[in-house]
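Below, chain A partners chain B and then partners chain C, in two separate complexes.
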Partner chain A sequence: MGQVLALAFVLLLFGLGTRGFFLSPKNLSTILSLAGIPLIICLAIHQVVLIGAMDLSTEGIISLCAVVAGFLIRNPFNALDLGFWTVPLVLALGAAAGSLNGLLNTKVRMPSFISTLGMWWVAQGVAVILGRGNAVKMLDPRFQPFTNGEVAGIPITMLLALGLGALLLVLQRSTRLGKFMYAIGGDEALARQAGIRVDRVKVLVFTLTGAIYGLAAILLISRLASSNPRAGNGLLFPAMTAVAVGGVSLSGGIGGAVNAVFGTLIVTALNNGMVLMKISPYVQNAVNGIVLIAAVALTLNRKKLGIIK
Partner chain B sequence: MRQSILEALAVGKSYPGVAALKGVDLAVYPNEILGLVGENGAGKSTLMKILIGLENPDSGEIRLRGARAELAGPAAAIRGGVGMVFQEGCLLPNLSIADNLFLCHEEGFRRWGLLSGRRQAAEAHRQLEAVGLPRLDPRTIVGELSASQKQMVEIARLLWLSRLYGVENPALILDEPTTVLQDNEVRILFDILSRLKEQASILFISHRLEEVLQLADRICVLKDGSVAAMLDRGQATTRGVARLMVGHELAEERCRESLQTAPGSEAVLEVEGLGLAGRFRDFHLRLARGEIVSLVGLLGSGKEEVCRCLSGSRKPDQGTILLEGRKMRFASPKDAIAAGIGCVPIDRRNEGLATSLDVASNINLLVLRRLSGGPLLSPRRERQNAGRWVEECLVKTPSLQTLCANLSGGNQQKVVIAKWLAAEVRVLILDHPTRGIDVGAKDEIYRRIRELAASGISLVIMCDTLEEDIGLAHRLVIMKDGRIVRDLACPRGAKPSPLDVIGDIV
Partner chain C sequence: MKRALAILCLVALVGAGAAFGQAQGVFMGTAIRSLENPYHAVWARGGQAFADSVGGVHVIQTCEGSSEKQLNDIKALVAKAGKDAVFCIDPNESPNIIPIAKALEAAGVYYVSWWNKPENVKAWDYPHWVAHVAFDGISAGEFAANVLFKKMGGKGKVVAIKGMLANSIAIDRYKGLENILAKNPGIKLVASDTAEWDRTKAFEKMKSFLVANPDVGGVWAANDNMALGALEALRAADLAGKVLVTGCDGISEMLDAIAAGEAAATVLNDSFWQGGMGLALALAAKTGKIDLKKTPKEKRQYFARAVEVSQDNVKEVIATYVKGTPKYDWNDLYAFYVRAMP
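Entry: the complex of A and B
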C-alpha cells in the first residue's frame, strides 16, 4: 500500500516539476522501457532476499553471462552462431554461478552477503579474461526485437519482465517451494524444525536467481547490440534499492513479486524524473542512496536481527 | 492395565556435573490429562525434551503405545503421535494461520498442480473450529495473534498432523502454557483442553499448582530428577503437592550458613513504590550494607522485571530508587553501573560475559578508564588489575589470555563476579548465580557470595531452588502476581523451612 502511494507521489512530484511532460504517454513509455531489465534483475534479487539471504554477485554474473552469450551468438570473433540456443546455455551458466552462491551459503556456511561479494569479483574477473576487454558486436538480427520492439505500446522487455514476475508470483503463492521460501525467510530454525529441507530450498533459490541473471544478460546485450565484460556494471544498486523500496524486508520472509514490480517502477520513475529536471548526476546518486537507506530503515525487522553487524 | 500412549521407562540423563534425570518412570494413558509439576531444575524440561526427541536419554527408554521408540526429533515424534506446544512457540510469525497449520504437508491441497489457497483456508477453518476459534480468519498473519490464539493454532496443527499420520489419540505436551496468558484466556484454554481429552492425551506442565490441581486427572511430582509421587486428582492438595516438590530437609551448611554475617544498619538501596505496568507494582525494598535479600517467586511473579529495573535495563513506570540516599534514574545499564549497581545475569554466555574475549579483557571491561596512562591503555596496569581479581576470586584459568569460552561454567561465573568487583559496585544483583554449575563450583560461589556480603557489598539474589534462596539470604521477599506477599527474615541458625514458604509462592 505504501508502495502505491510512493509511486503516486513520485509521479505527481515530477509531473508538476516538468509541467506535465513527465506524465505524457511518450515519457511513461520511456519509463516502462527503461524499467524492463532492472525489473528482471530486481525480481532475481528479491527471491534471495525473501529467504533472508543476500546476493551481491549480480553485476559479476551478468557480465560473465553477457560475454559468453556474445561469443555464442553470431559475432566477428568466432564461427559460432547458436541463435536462440544461446538462451538455455547462458541461463544454465547463470544458474551454475547462482548454485555456487547457494552452496557457499549452505554447505560452507558463509554469510551470503560476503560469499556473493566474492563471487561478484570472481565472475567479473573471469568475464574480463574471457572477453579480453573487447566489446563483441552482435551480428544476429533475430535478437533485434528485444532492442525496441513493442506490443500494444508496451516494450517487449517489459512484457517479458512482467511475465516473469507473474510466474514468480504463482511460485510464491501457490507452490510448496514458495511456502517454504517464506518459512525460511521467517525463521530458518523453525522452518527446519517443521521438516523443510532448508539447504536444498536455499540452493534452489540461488540457482533460480542466477538463471534470471542469465536472462537479464541476454536482454542487455540485445539492447546494446554488443556484449562486453562490463555489461553488468551499475545494475546492482538500483535493483537492490528497488527491492527495499518495494517493501521486501531485508530481514526476509515479507514481500513478493508485486513488491519488486512497484519498487522498480518507483526507482526508475525517480531517476527518469531527476534526469528530466536536469538534476546533477551526483545529486541523483546521493538521492538514490538516501532512498535505499530510508527504505531499509522502514522495512527491516530489527527484532529478528538481534545484534546488528 | 490400560495400554499407555506415551511412556518413559527408567529414563536417566546427565549433563556435565549434573544428573538431570535419575530413572524417571512416567506413563500417559488415553483420554487423560496428566499434570507434571516440580521446582526449577527438578528435571521437567529435560524430561520433555527427551519425550519429544530433542535429547536422547543416557539410559532407559521411551515407549509409544507400548513399543520402544527412538525419536529423532519433533518431526519424528509427531509422526508417532507425540506433539509439543513449546513455551516460545514454533509458529512462523510472517505466515498466515493456514500456511502455518499445513507447513510442509501441503500435498493434499493441490489443484491443477498448484496449491489452492481456498482449500487450505477451508480446512484451516475446520481445524480452528475444533480448538474453539471458529471466528478467526485462517488468512490472518500469525504475528498478529494473541499468545493464547497462537497456542490454539499450535494445538490445532498438532491435532491435524496426528490425524494426517493416522494416529488415534495423540499425546500433546504443553510446557507452561499459562505463563503467557491472561486469566480469562487460561479459562478458555482449560475448557478446550478438557474437551480435547476425548480425542487426545495431554501432558500439562506447570508450576502453578492450583491450575494443575484444577485441570489434571493425575499429577506427577518431579523432585531432583526423580518422580517423588504420582497422585490422583482426589488425593492431591496444593499444600501436599508443594511439600512433595520441595521435599527433603534443608542440609546444614549447604549454603555456607556459618559464614553468614549480620548486615550493617545503614540502608544502601531503598526502593519505594516501584511499578511497571502489567509486570509488578508497589514494590518496596530496603537493602542494608552487606545484606543478602532473595527475591522469591514463580516465573511471571515479576521478580525478574524488578531486577531489570534495578539494574537499569528497564525503566520503571513509577516509584523511586534511592542509592545511599541519592535518587537514581537509570536510562540504561551504564547509569546503574556508574552508580555502583552491578548485575550478573542468568545467561552468562550471552549477557554477562564476552566469551570470545580473554579473561583479562572481561575483567577490565568496566574499568578501562582507570587503567589508562594518558590517552592509551597501559598494558601493565591491565595485567595488574586482571591478575589481582583472578587471584581474589580464585578463577582457575591457565592464563589471563585464555578465552572465556574455554573456561568451565563455574569459572566463567567467577570472571563475571570479578568484573563487577573490579568496578567497585556497592550493590550486586545475582540472577540464578549457580545455574548450570556443578556442585563443587557451587560451593565456591556460595562462599564467594558470603565474602562479598561480609565485605559490605549488598546483594539481591534469585536462586535456582528455594533451599538455596533460604540458605543464602538474610531475608526473603516473596512475590506473587506482581506484588510482594511476604517479607521473611532468615537469620543464621533459625532459617525457615521451604515448606513454610512454598504456600505463599504458589
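Entry: the complex of A and C
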C-alpha cells in the first residue's frame, strides 16, 4: 500500500519539522476535523472516477445545494423553517443535478468532463440567481453545534465521512452494482458486451455522487452557520488531488473508498503541516500542484489510453 | 444541414430579442467582478439607483474573474452604443485597465475606474478617464488594528489572515496592520497566512492557528468574509466573544457580529455609493458638467472616505446603511474626497 507509506512519510516529515507538535493529539484531532468534509466530497468524486468518467461539477452543485439549504433552514430572508427536513430535500436536489450529469453523459453521449464542466457553471449560475449574492445566516441553532461536535474525541463530520466510506465500500465489494462499476471502469465496451446495462449504472453512480454533494453542502454551511453562492468554491482541486493521491486511477476501474480515505488524509495533513511550519502561501499552492501531477503520473494506466489528449 | 438551420434560427431569435430589447437613453455600463459577493451585489444596486434617477439604461457586466471577458464585454457594449455610453469599472486585475482605457479612448467614451491600476499609469494622461478612485487600504488596516489592540489592552498575541497575495488592496491593508504593530511593542504577531478572501479557507486556517497558538488574543483579517470564517473557528473552540476579530468591507453579517460583541471593528467600503458615483462622474464629464481639461490632477486620482465601524457606532451604521439606504446627492461629485492619489 503506497498510500499508507505516503501518509506515514507526510506525518513523519511534519512531525520532525514541527518538533513533534504536528503529531500532538490536539493537532491530529484538528486534522481529522478538517478532513471530514473534504473526505465526503472525495468519496463522491471517486465513485465517478471509478467508472472511468469525470465529474467537474462539484463546486457548482455544492454551491447550489448550499444556497437552497440556506433558504430552507430558518433564515432572515423568508418564513421557511424546515429544520432537519432540509437534509432529504437537499440530498434530492443534489441527486437530481447528478442524474442530469449522468443523462447528458449516457443519453446525449457527451464526454463527462465537458458535460459536468457545463453543469458546474449552470448550477453556479442558478445559485447566484437564487442567492442574489447574499450571505444567508442560519438562524436554526441546532445545526452548527452538531457539525462542529465530537463523539469520543472524533469530530462528527469525520464519523459521518467514515460511515459513508464504509457504506460505499460495502456497495463496491459486495453488491452486483459494485461489480458492474468496476467492470465499466475497466472496459466499458466489454461490460456492454457482457450484458451490463452500462447507461443505467452510470446514471445511478452520477445520481449517488450528486446526493453526496448535497450532504457536503449542508455540512459546509452549518459549520459556518451561513450559506452563500460561493460555498463550493475551491473544493474541487483538493478533492481531485485526494482521489489521485489515494491511488484511484483516473483511467477508471482501480481503487475504492479506502483509497479515498487515505488520499484525503494525506492532502489534509500536508496542508495543515504547511500552515504549522509557516511555509509561504505561494509555495503551498505549488506543492499541491506538484503532488497532484506526481500522483497521476504514478497511478495512470497508460495501456488503456491509446492516444493521450 | 438541419443542424445548421437550427443554429441559424437560434441566432436569428436571439438577434430579434436583442433588437426588441433596445431601449432609449445613455447606456451606463457597470463592469464588476461578479454578483456572487454582497459587496458587488450592492455596487450594482447603487449603479441602478443612479441610472434610474437620470433615466439611463443600466448594463451590468460581470467578468467572473476573467480579464479577457471584462475587456470583451466592454468592447461589445461600446460597439452597440457608440458614444452614447459611460462606464464605471472595477478592473479585474490592475494591468487590465490599460487595454480597457485604450478601447474606450478610441471610442470617445467617458469612464471611471476603482481600486486597481498600475502606479505608472495616470488617469490625467487619458482625455476620457474621468477619475480613478480607491478607499485607502492602509488607513483601513490601521484602524482595525488600532481598535483590536486597544481592546486587548495593548498586549498579547495576534494572528493575521491576509487576502489574495498579489492584490494591491490586500497588501495595503496588511501594511496598515504592520504600521500599528510597530507602535505596539506589547503585541506579538505569531502567525500570518492567506485565506484568499475566502470564508471556508479562513475557517480552516484559523483551526490550524488555534492548535499552534491556543493563547491567541486577537485576529486581524484583511476582509470581513475571512474574519467571519475565523470567528466560526473560534466559536467551535468556545472562544467567540473572548477573542475578538476584525475585518474590512462592512458586510452586514460582520456588522451584526460587532453588535453582538464578537468582532471589534471593520471599515465599510460603501459600494452603493461607488456604483452610483462612478456613473455620475462619468456622465457629468460626458454632458459637460465638468470639464476634464480644467479638472486639477488631485481630483483625477484620489482616495475616498470609508466608514469606520467599531462597537461604539455600529448601531447607527446598521440603521443607516443596512436597514435604510443612505441618501446621496449624486450632484455633489467630490463629496467623499479625502486626499490625492500620487
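The rule is short, and it goes like this: the second predicted complex is superposed on the first by the 307 of 309 C-alpha atoms of A that agree within 3 Å, B and C clash if a C-alpha of one lies under 4 Å from a C-alpha of the other, contacts with A are read in each partner's own complex, and residues count from 1 in each chain.
As a working rule, contacts are C-beta pairs under 8 Å (C-beta built on N, C-alpha and C of every residue); 3 or more make two chains touch, one makes a residue touch a chain.
Just so it is clear, the model here is predicted, and its values are computed rather than measured.
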Here chain A is shared; do chain B and chain C fit on it together or clash?
-> fit
Contacts of A:206 with chain B and chain C, given as first, second, both or neither = neither
Compare chain B and chain C by how many residues of chain A each one touches, and report the one with more.
-> C
Of the two partner chains, chain B (first) and chain C (second), which one does A:21 touch, if any: first, second, both, or neither?
-> second
Partner chain(s) touched by A:190 [first = chain B, second = chain C, both, neither] = first
Tell me which partner A:143 touches in the superposition: chain B (first), chain C (second), both or neither.
-> neither
A:120 contacts which: chain B (first), chain C (second), both, neither?
-> neither
With chain A at the apex, the angle to the CA centres of chain B and chain C, rounded to a multiple of 10 degrees, reads 120
Regarding the shared-chain residue A:281, is it in contact with chain B (first), chain C (second), both, or neither?
-> second
With both complexes overlaid on chain A, what's the closest CA-to-CA approach of chain B to chain C, in Å?
-> 17
Footprint intersection on chain A (chain B / chain C) at none
Please give the residue numbers of chain A that touch chain C in the complex, ascending.
-> 21, 24, 26-27, 30, 33-34, 128, 131-135, 137, 144, 148, 220, 223-226, 228-231, 233-234, 271-272, 275-276, 278, 281-282
Residues of chain B defined as touching chain A within the complex = 73-75, 90-95, 99, 103-104, 106-107, 114-117
Residue ranges of chain C in contact with chain A within the complex = 34-38, 40-41, 162, 165, 191, 193-194, 196, 198-201, 203-205, 207-212, 228-229, 232, 235-236, 251, 253, 256
Inside the complex, what are the residues of chain A that reach chain B?
-> 170, 173-176, 179-180, 182-183, 185-187, 190-191, 193-196, 253-254
